[in-house]
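Accompanying notes for the structure given below.
To keep things simple, chains are lettered A, B, C, D, E and F as they appear, and every chain counts its residues starting from 1.
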Amino acid sequence: MTKVIEKKQMQDFLRMYANLAEKCFNTCCNDFTSKALSSKEETCIMNCTEKFIKHSERVGARFAEYNADAMNASQNQS
Amino acid sequence: MSFLGGGRGATPTSGVNMEKIEMAITELDTVTDFFNRMVQSCHAKCISARYADADLNKGESVCIDRCVAKFNDVQKKVGEKLQSRGQANAGGAAGGFGSF
Amino acid sequence: MTKVIEKKQMQDFLRMYANLAEKCFNTCCNDFTSKALSSKEETCIMNCTEKFIKHSERVGARFAEYNADAMNASQNQS
Amino acid sequence: MSFLGGGRGATPTSGVNMEKIEMAITELDTVTDFFNRMVQSCHAKCISARYADADLNKGESVCIDRCVAKFNDVQKKVGEKLQSRGQANAGGAAGGFGSF
Amino acid sequence: MTKVIEKKQMQDFLRMYANLAEKCFNTCCNDFTSKALSSKEETCIMNCTEKFIKHSERVGARFAEYNADAMNASQNQS
Amino acid sequence: MSFLGGGRGATPTSGVNMEKIEMAITELDTVTDFFNRMVQSCHAKCISARYADADLNKGESVCIDRCVAKFNDVQKKVGEKLQSRGQANAGGAAGGFGSF
């Protein structure tokens, strides 16, 4: 069971990573006159990544609160 | 997973079998998928695409909090609607969408 | 076999449900000055859901006709 | 699934084995995926995003019927093109897209 | 093992096929006053498919070069 | 798969077991997913949606070459950033995104 869960977490992480790289690439890279990342693009990628992590953490925190509230409400009912 | 209406049955019991494990995994997948969609949607709604900064600003933070609340509400409302249409039970649901 | 199919249908239903909620949220919710759904947003969500179901049913009906035709044509050939 | 060119072989036979079950599941997954994409695409093409109403209007209904016909035709045409490019057989196909 | 890989390749091909058809449909079909494909739409679909294959092949070739370089670099390091 | 930082350990060894096969499949899935995203992104960036022609023109071809290079670089940079944030190891990663 632990192994299955661990594998799922690994896969979820890899999907999140691929998703994030794709999103930041699509947002930050719009100039294909060179094959090297410009310093402006690089800064954008770093900020995009950092901000996405902070965003996910905040969504996670609010979602956890919401679930805790829902669980309490359901226990008070029964 | 209160929005699935199946949370009550998932209380811990003694005796683990394959079926319960599979159900737990399906449940985990569902919550993960839900969470990922919420992250994506609220990112699109709240985060400016300029990326001049690496921190969430005040406006973005407040927007995220409200976005999570609204996203959860929408999930619940859509679930209730599907249920009232008699689509919320697994068997009947997929069948109602064309019998191929 | 029946179990596997049932599990698939369950998963398909859950994916459809998540997809629908996401789509209706993205279309109907554009004001984040409050955390409560406005009555206008709520009406939009209800209509969006109802209309999506009717849309899916119509697509399913046409698709079933199309498949029946294709199957008849293939039987007449052989 | 006439658009896969494999429909003829799927006639019922006596004797069920694991391989046939797996193939049936792959086929079911493929048709479900195809159907879901058709629903999404025709929704984007035909359904107004205003949602002032819960019913399909006449224009939307006619649009859906034509959309399903065109979507099926496109699927067939793309399949024929892939086949004529020698890409339609499973083994050769993925291999043609880079050998990593 | 070979069987599992073969099944994966089959699934990858089917996903690519469905993806491609969806993308070309969405780009090329915008007129629903008739249920038959116009000759203009048909040409668009054929070009879209052909061009996507050539695009994928070129991306694959560059990606293979990139991986070969990365592998050489990693071997020289160790 | 140098961008995953795990390529070195994947050298061939004698003795095949289920775990290694599963890991190889996960790796194959990951590379396929990465490749498909690169194809999609570079298609959106480089290929004109007019489809007047079936061939890649000079500008599109050069754009694809540069796009692949940039996409690989972005993947690496994002991976390094995730790693420096202590998110790159599987266990800690998913856990950091909310404990549901």
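Definition applied: a residue touches a chain if its C-beta (ideal position, glycine included) is under 8 Å from a C-beta of that chain, and two chains touch if they have at least 3 such contacts.
Computed from a prediction, not measured in an experiment: that's the story for all the values here.
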{"item": "Most widely separated chain from chain F, with each centre as the mean of CA atoms", "value": "C"}
{"item": "Most widely separated chain from chain E, with each centre as the mean of CA atoms", "value": "B"}
{"item": "More contacts between chains, C-D or A-F", "value": "A-F"}
{"item": "Euclidean distance of C-alpha centroids - chain B vs chain C, Å", "value": "16"}
{"item": "Chain A and chain E: spacing of chain centres that average the CA atoms, whole Å", "value": "26"}
{"item": "Numbers and ranges of chain C residues touching at least 2 other chains", "value": "8, 12, 15-16, 28, 46, 50, 56, 59-60, 63, 67"}
{"item": "Residues of chain F engaged with two or more neighbouring chains", "value": "35, 46, 65, 67, 69, 97-98, 100"}
{"item": "Chain B-touching residues of chain A, taken from the complex the two chains share", "value": "1, 4-5, 8, 12, 15-16, 27-28, 43-44, 46-48, 50-52, 54-56, 58-60, 62-63, 66-67, 70-71, 73-74, 78"}
{"item": "Residues of chain C touching chain B in the complex", "value": "6-18, 20-22, 24-26, 28-30, 32-37, 41-42, 45-46, 49-50, 53, 56-57, 59-61, 63-64, 67"}
{"item": "Interface residues, chain F side, partner chain E - complex", "value": "2, 7-8, 16, 21, 25, 28-29, 32, 35-36, 38-39, 42-43, 46-47, 49, 51-56, 60-61, 64-65, 67-69, 72"}
{"item": "Complex contact set, residues of chain F against chain A", "value": "4, 22, 26, 30, 33-34, 37, 40-41, 44-46, 62-63, 65-67, 69-71, 73-75, 77-79, 81-82, 85, 87, 90-91, 93-100"}
